[in-house]
Structures are given as C-alpha cells and as structure tokens.
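Naming follows writing order (A, B, C and D), and every chain is counted from residue 1.
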C-alpha cells in the first residue's frame, strides 16, 4: 500500500528572511531537513536523537537538488510534503515540495543513506522499516515530482 | 488584568545540537526570538512581516541576558514561557524561560524598543497595544524570574 | 581570457557540526553562498550590501544541486573554488567545489539570475560585468566539474 | 604579564542580515562564539575539535549578557576584541566587544566553565593553561568593558 504523503506546516519567520525580504536560501535546507527529521520521528517512529545516540545510526544526505520556483516571505505558512521516489537497500530518494496558497515554492530531490555512525558504512533498512517506508513510495505515474 | 503567561512549544532538533550532543547556544537565541515573534503574532495580533513591511515598525532587542541552567538534547520538547517584567513608554523588559520536564533549561531577560524603521527612533506603544501588553505584565511579587 | 578560478578558505567551526561530529549539511549552503558573495565583492567589485540597497539588484539562486562526497569535521580548513560553467544573458551557472587535503568534500552546481529587486524581473549583465564574469568561465574541456 | 587583547575581523554578510537590513541578533552570538573559538585555537593552542573529541573537554557558556549599542549592516567589517575580566579555578568571565569605524556595535560579557564532557562536571584549568589565560586578564582600572 504505497502512495502516502507525509506533510507538515512550516511558518516562515523573520529570522529566515534577508534584506530583500525573502527567504535566505540556506534556511530552506533546514526546513527540508526538518521535514525529513519529522518524517523519521512521526511516521517511522525513529527520532533522530535516539537513532544517533542509542542506535548509532544516521541517514545522512549524500546529494540534493533543489529548484526555487517562487520566493517566500515572512509570515507565509508553507505546506511541506514528502514522498519517496525510489527505495533502495540502504538508501532512499526523497522528494520534498513546499507549497503556499496552491503555489509551488520549491521542489527538492535528495538521497539519504542509512549509515552506521561508528564505521560510516551503509547498512540495509530492516524488514519492518522497509514496510513502513514503502507506504510513502509514490505510485506509478506519479513519480515526476520535479 | 495582568499576570498572563504566553507559552509555546519548542522541539529541539538535530540541527540545534553540536558534537557534544547539546544545543549550540546561539540557536537558543533564535528560539527566544521566535517566542517574542509568536507573542507579537498570536497575542498582540501584529505579525513581524506586516509590522516591518507595512507599518515600518520593529521591536529590536537592545539588550539580553541569559543564564543556561541545564543542557538540552535532541528530541527534547521545551515549554517556552514569556511574561513582561516592565512596560515602558516605547520599551518592554521581557522574561523568557524554557522548561523541560519541570527543569529550567534557560532564563532570559531582554529589552525590546518599538522603533520606527525609517528614522530608527523609538516610538511609543499605542493605547490599544499598551492594553494588550499590560495583560502579560507580571503581578507584584512574581517579578524575580531570573 | 577565461579559465580563472576564484578561491577562498573556509574553516569548519564548532557551530557547523552536529552530534555525529560532521557538518550539518544546511550549513554547507551558507559556505557556498558566502563563496558566491565573496566572488561578487572581491572579483566583481560588487558587494552584496551595495548591490541590494543602492543598485536594487540581486543575484538570487534559482536552482542548486550538491553532492556531498566526504564528511567534514570541526577544525578542517576547506579550499573553496568557484568557476562559471555557463554565462547567459542575465544568468550564470556556477560550480563550487570544497576540497580538504586533496580530497573533494562537496561539488555544487547552481544557477543565479541577475534580478531587479523592485520588479523581481531578470536584467542582463552589463557589458563591463560580462567581461569580468567571462574570465571565470571554464575553458573547453574543463566543464565537467561535477 | 596581563593586559593583552585577542582580536579578529568579522565581516557582516548577507546571510547575517534581516529584512530591516541589520544583523539578525542571534547571528551575533555565533560571532561571539567564533571569537571565543578562535581565541582557544589561536591564543590557547586548543582547537575546539581536538578538545571535544580527544580531550573530552569543553568550555560551555553558562551565562551571557549582551548590549547591542548600534546596528550593523551587510559589508561592515567588525573588529572583535576579547579580554578576560575574571579568571577562576575552572571558569573565566570574558568580555567581547565589536567595533566598526570607532563605533561600539555590541558589548558582551560571558562566563565559560571548563567541563569534562563525559561527567559534565567542571574541571580546573591546568597550570600552563592558566599562565596562557592570565595574559589576557585585564589590568586594574580597565575592567569596565561594559
């Protein structure tokens, strides 16, 4: 049963914006990473603090591509949506989009790799984890997020 | 009718923490500023974006003192509380505390000054604004927040 | 006369790193943006503050793709290098690489668009600006930075 | 032989500034912390990365008070100065000032405590470290930095 979308709200704050009045783009990467972090905590039941300090496992981002379609301003409330485009043995390619008032503000595609933080080697997702991740894999025909 | 406390939740995220595993302290100032920003948007009905771009008014922080009582870790959920210790003509001295599980993590006291952003001169709070601010002024005998 | 490389040093600081001990990746985007900012100030003689407030012109990033090849740690000194892969009428595609001890830490490719900040429309680079930018366009056969 | 001042330059960048065009104040705490970090690396010969991962020792800030005298703008070059106001057994009270063109932008006073990161207990400065720190203790009559 695939095709679910994980969503969260993201308020654009004063501290995110620059002298032009729009989001200073490195701050968007915090919002994208917060979305992945919330997805792991809320949907995968694996909070990052627990993963890093108890499991000694992380999911570092190894590559990311982002298109900034429209600027965002202070007080905008963004709808962040996350789906999985490709689920590998120990990696996943994730799409994150930010919308506001029906307008796409940014589209991101990133690859995370589950990694043993002591050896820094990749490790496969467990069976139960794979089942949970699979729910968010996009259905055929819906893969063109960017 | 004074004595109200403005509150918000603050999740400690991966990106807030350092190699020691605790909050990198400059990030706490973002959390304090976000609390002031939420107070203005939610309790004072003056979102910062609107204030800055339409009213051309800001409330810059001119001084701040913070005591970090206990460290915070990734996944901690902080209860941020805000009260006004002293309400001046165009300034306010604000206390912000962060608690987690009944433990005080930090206590901050800061002074903001309502400022015309074109002249950079202070301007008095309006009558209605003063009434709204006054609700959050601490009652006698409760002023020792730090 | 093309083929120049703009370079700057970037120290990895405590505040850039996370509980795993490696750079929290959104901070890399600040380092990439700082490299573009230094390139404009030092090589193009157009500091961002002056551009934004006097010229009312900016060079927002409209898309960026980054590959994180190896992790960076606190106290690492990175060599950031910038070249222009493609110079358009009002846009430029820029490659930024970060190296440390001969090892590539990240490779970024980003597109900036010179923009009138009042209308938010693109505006062509001036003749003199184009001449200055052209010096940093990669020579034929060296375009595969990523 | 006391009375030395540790100094470093700090460029105000686009990413430090807000829609008002001035430094977003939480970013100043990064600059203050970077000054302390550079002081430890350059003057005390103890880079933070090495301290944290090899020595398992840190110098967390337990309290800080800052007065923001004048705003700073993008492209300003600040002169950051650091002296020690009081040297304790395992703690130090440090003054940091930022100046630009002879104008004081901010004055900070902060207390750091040398801490064993495994037990989170304070540990005394070593003899040689104390000698090095003592060089930066302000001479009598110069203690009123703020």
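Here, contacts are C-beta pairs under 8 Å (C-beta built on N, C-alpha and C of every residue); 3 or more make two chains touch, one makes a residue touch a chain.
Because the structure is predicted, anything quoted here is derived from the model rather than measured.
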Maximum centroid distance from chain B, chain identifier (CA atoms): C
B-C or C-D, whichever has more C-beta pairs in contact: C-D
Approximate Å spacing (C-alpha centroids) for the pair chain B, chain C: 36
CA centroid of chain B to CA centroid of chain D, Å: 24
Rounded Å distance, chain C centre to chain D centre (Cα mean): 30
Where chain D touches two or more other chains, by residue: 14-15, 17, 19-21, 26, 30, 33, 49, 52-53, 74
Residues of chain A that touch chain D when the two form their complex: 14-15, 17-21, 24, 26, 74
Residues of chain D touching chain B in the complex: 19-20, 22, 25-27, 29-30, 33, 49, 52-53, 58, 60-68, 71, 117, 120
In the complex with chain D, residue positions of chain C that touch it: 12-15, 17, 21, 30, 33-34, 37, 41, 47-50, 52-53, 73-76
